[in-house]
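Two complexes come next, and they have one chain in common, chain A, joined by chain B in the first and chain C in the second.
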Partner chain A sequence: MRRYIVQRLLSALMVLVGVSILVFLVLHLTPGDPVQIMLGPTAKPGDIDRLRAEFGLDDPLPVQYLRWVSRALQGDLGRSIQLNRPVLPELMGRFQATLILATAAAVISFSLGLVLGVVSAVNHNRLIDRLVAGFAMLAVSMPAFWIGMIGIVLFAVNLRWLPASGMYPPQGEPSWGKLFIHLLMPATTLALVPMAVIARFTRSQMLEVLGQEFVLTARAKGVPKSRVIFDHAFGNTLVALITLLGLEAGILLAGAVYVETVFAWPGIGSLMVEAILKRDFPIVQGGVLVIATSYVLINLVTDLIHAAVDPRIRVA
Partner chain B sequence: MSEGSSSAPLLANPSFPSRRPVADTPFTRLARNRLAMFGLVVILLVTLLALLAPVLLITDPNEINTAARLKPPGTPGNLFGTDQLGRDILSRLIWGARVSLLVAVVAATIALTIGTLIGVIAGYFGGLVDNIFMRLIDVLLAFPYVLLAIALVSALGPGLVNAMIAIAIVNISFYARNVRSAVLSIKSMEYIEAARASGASHARIIFLDILPNIIAPILVLVSLNIGWMVTETAGLSFVGLGAQPPTSDWGSMLADGRRFILVAPHAIIMPGIAIVLLVFAFNSLGDGLRDALDPRLRKGGR
Partner chain C sequence: MQPEPILRVRGLKTEFQSAAGVVRAVDGLDLDIFPGEIVGVVGESGSGKSAMAFSILRLTPGKIVAGEVQFRGRNLLDLSEAEMERLRGDRIAMIFQDPMTSLNPLMRIGSQIGEALRYHMGLSRRQADGTAVQLLQSVHLPDAERRIHDYPHQLSGGQRQRVVIAMGISCAPDLLIADEPTTALDVTIQAQILNLISETRQRSSAAVLLITHDLGVVAQLCDRVAVMYAGQVVEQGPTTDLFANPQHPYTIGLLRSTPHGRRRGEPLRPIPGQPPRPGDIATGCSFAPRCHLVEERCHHQAPALLQLGGGRQARCLLREESAHESTP
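This part shows the complex of A and B:
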């Protein structure tokens, strides 16, 4: 186990180095000189050169990269051009809102996805199985930003049950209740695709386990069907589901970009879209770095949990 | 992997000698899959409409008619209604289909070509080459898909072509990984070893012995992937990073309609249905193809 942990940590570290190089290079791919953008079109060439030297933009790329990484490690991701504030605190405030949204969506998608998957597997090839399969197929075909808007038309505009946007009402004290009401629609929208993925995965895992010999043996010994389903099949499925956690995190973090835009949720995704349109590169660069890093860490933790639960992983 | 491994083939049952066995080829399996056939028909129809857009007798998609703004569906002359500038939504959908399909197909072709190349080289040669390529792919995979596309578009600048390039790059890892594992699964087979023993060059083995034998899984990958690309193109356009006016695709139609969601929900419902229909079609065809080409996975779900 220790060897596996060390191996996995090293590979995560390597990936993070690669990620940082890529993020750094992408900014350098940008057409246009950052100093030029900062000073605007009326800048004098002399000022541009002086500022370039001051920022160290004349140094060789590897030197610039190392300087950027060492600053980033100290929590300095530069200043936002638009807001003229340090990037990191700005990102962290927004990231918190994204985490709230993503966590709520994860809870919804896992609980409903598991139920749908188990019901499907137990009723294999019956009507309900087909209905769930159809729903899952439809759910992965619907863009989140569209279904979110349909939700707004239905539940906010016509029925007036739920607020259409934001995290809290514009006026009044924030409270858990208000947060919950505002969270309901965006979180459900974000949960649809992962819910479908989990339902399909759970179904096929359950069916695979239910078709194995030890299940047959258990049934032949007279173990009741419900116990076989829950103790044998469901338990094994849960372990396999751990592998989906990383994938789920990716879907949620990425989907948040669209869902946040539609529902004006003050998260990191909507911040980044605004920043790109305003060409505020430090925010974009920092945001990509923060999200990718947390994604790598989530995958690392997932793999370690999986290895702890399932001994076959560490041996292989 | 599969659940029905115990079911023996009943088709060749010797107790019915007079009956000719029903053909069980990938093609007949696909043809029997109603959902996949539905998908195929929808894809063909949308493609046909998109190709024929210039000769169809439909209104100019960019013709502004301020007198007829946001007319509901069913209005005479505007079957699907009009948008905030009085432009005909049906006509814009048909012209938008050209953009959406073109972007998805071109992006898929680019990603498929580069990804397959990487996957084949990594899988075939193995060792150090494989290691280097796969570590690079790992870095690409460290970004949630949409995020990497957004980062790339931000570097290249908003626009349809850049969005297409970004979507293509993001999907290279998808093809590379899947093609690599397909290559690994046939690399050690006897006919490949025989080819090598008889002195065939690496290039010859790759192009004549390996590639033709992994076309089936690649086909499945493409059809499952194109649907995702249609959604993704629409998404980038929706947030303003894809199609820029006057060009419009289904995503930018949604972005336009979003501002009038209170008074004219049809302006977002129609383009949305178009996207869902086309993506659903690609997904069901992809699922059908996978089941038809790889019977081991049949009915397995993913």
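This part shows the complex of A and C:
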């Protein structure tokens, strides 16, 4: 098991190095010389060269890359052009909001998705199975931004039960209660599609596991049907679903962009959309790095969980 | 005076819903099993052997539409599901065909063996582990103390089947149903597992219902044998008698088609044709289309299971005369 963890950590590190190289190159492959832009069209060639040397832009690319990485490791991702503030604190504040939203959506979609899937499988082809299937079909077919807008019209504008946007009310002290109320609609909107996907996969996986011989063996031992489902079938279903759950967790982070835009949620997604529209490259670069890193971490955690619950993986 | 059978199956019918319509996998099955004996059930694939086994335990995915399954004087088909759960694994246990798939890959084998002990005998986890070690020793799995902590993938096929047998005998059942327990194993391992089953029977005095399509296994192990065809028992009797003097044309064909039943120098003769598909509705004898002794009446008149004396029974119209002769 220890060897497996070390292996996975090393490969995650490799991916991160690759990501950082890509992010770095994107900046250098985009057309336009930053020094030229800074000094304007009337700059003298001598001044340009001097400034280039001052910024280290005349060094070879690998040297520049190493310098960038070492600064990034110390938390220095440069300054935002639009906001004229350091990128990292800005990103982290926004990333926290995204993390709260994605985590809430994950809790909703994972728990409801698994429960609906198991209920469907156990009641295979009965009414409740068909109802869940219809609901899942509907949830997958409707785009999140549309559901979000309908939700705002219904619950915020007409019924006035929930706030339409933001993370906290504009005035007053932030509190958990206020956060919860603001979180409810965006998190549910974000959760709908992954929940439907998870419910469908759980159902089919559970049906497959229930058809396996060890389930019959357990029944033949006299284990009651409900215990067989929890002690034998659910664990095996979950193992097969861990990879999907990890993928969905990543999708929740990335998919937050639409929902954040619709609900004006102050997350990293909406920050990135603004930054792209305003060509604020340091923010975009840093944002990509943060999101890619969290992706890699989610994958790493997924694999480690997989190994922890499935004894067959540890030896491999 | 013969003792009371521990299991008495009468007129059992089990149906499956399929795309092609209703399929009757077990079609009026009669079977007796007496305490402590090994009864072999043989027949081709699709003859309803496994469907019968699962019907006895009421674990069939199909529907039991008729008949009764008397076990120690109680009709299992009348019991509640909770009463069946108390019986399964305790008084009637089952061993499955493929040890690769009949163990939960995520559960340590000690826990899997201990499961029945905890449910039926109320043992604690630790007590169950202790008993699991003894059970593994009794099925000759070396290093049992350490093995209970292993997962199924760490064991070979033969070792897993020993674990499955240990699971089956954990609560000292009165009846052990073994559904082709050696089919998925190497030939050398097969012999060891068969010896183990016979040894287990001697030690625990459990009756064994051994489902197989290997007549050699039956000859070696079983006290009595029931031959199944198209969901019915077409002939049954003591193994040696039945092999020496088969009464039903299907049994005769079955023995001729294997090296065990043939005289030296005689070629193997397969039974022509195919067994009826379980969906086909036959009037008359279901074996008539393939029978080498077929007569006109066989196509119209369904034969009953005739008592031939000496514990022999056969379901064939042509034996009616000898049946009457034997019981004048």
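Keep this in mind: the second predicted complex is superposed on the first by the 293 of 316 C-alpha atoms of A that agree within 3 Å, B and C clash if a C-alpha of one lies under 4 Å from a C-alpha of the other, contacts with A are read in each partner's own complex, and residues count from 1 in each chain.
In this text, a contact is a pair of C-beta atoms (placed from the backbone, for glycine too) under 8 Å apart; a residue touches a chain by one contact, two chains touch by 3 or more.
This structure is a prediction, so every number in the text was calculated from the model and none was measured.
In the superposition on chain A, A:Ile291 makes contact with chain B only, not with chain C.
Using the contact criterion defined above for the overlaid structures, shared-chain residue A:Phe214 touches chain C, although it does not reach chain B. Once the two complexes are laid over each other on the shared chain, residue contacts for A:Met14 go to chain B alone; chain C is not touched. Shared-chain residue A:Trp265: touches no atom of chain B or chain C.
Looking at the shared chain after the overlay, A:Arg200 reaches chain B, while chain C stays out of its contact range.
Once the two complexes are laid over each other on the shared chain, residue contacts for A:Phe95 go to neither chain B nor chain C. By the touch criterion stated above, A:Phe110 is placed in contact with neither chain B nor chain C.
Greater residue coverage of chain A by touch, when chain B is weighed against chain C, goes to B.
Once the two complexes are laid over each other on the shared chain, residue contacts for A:Phe234 go to neither chain B nor chain C.
Residues of chain B that touch chain A in their complex: 1, 3-6, 35, 135-136, 138-139, 142-147, 150-158, 227, 231, 234-235, 238-241, 254, 258, 261-262, 265, 268-269, 272, 275-276, 279-280, 283-284, 287, 299-302. Of all residues in chain A, only 212-214, 216-225, 231-232, 235-236, 239, 309-312, 315 touch chain C in the complex they form. Chain A makes touch with chain B in their complex at residues 11, 14-16, 18-19, 21-23, 26-27, 29-31, 124-125, 133, 137-138, 140-143, 145-147, 149-150, 152-153, 157, 197, 200-201, 203-204, 207-208, 210-211, 249-251, 253-255, 257-258, 261-262, 272-273, 275-277, 281, 284, 288, 291-292, 295-296, 299.
Those residues of chain C lying in contact with chain A across their complex are 57, 59, 81-82, 85-90, 93-94, 96-98, 101-107, 115-116, 119-120, 151, 153, 164, 167.
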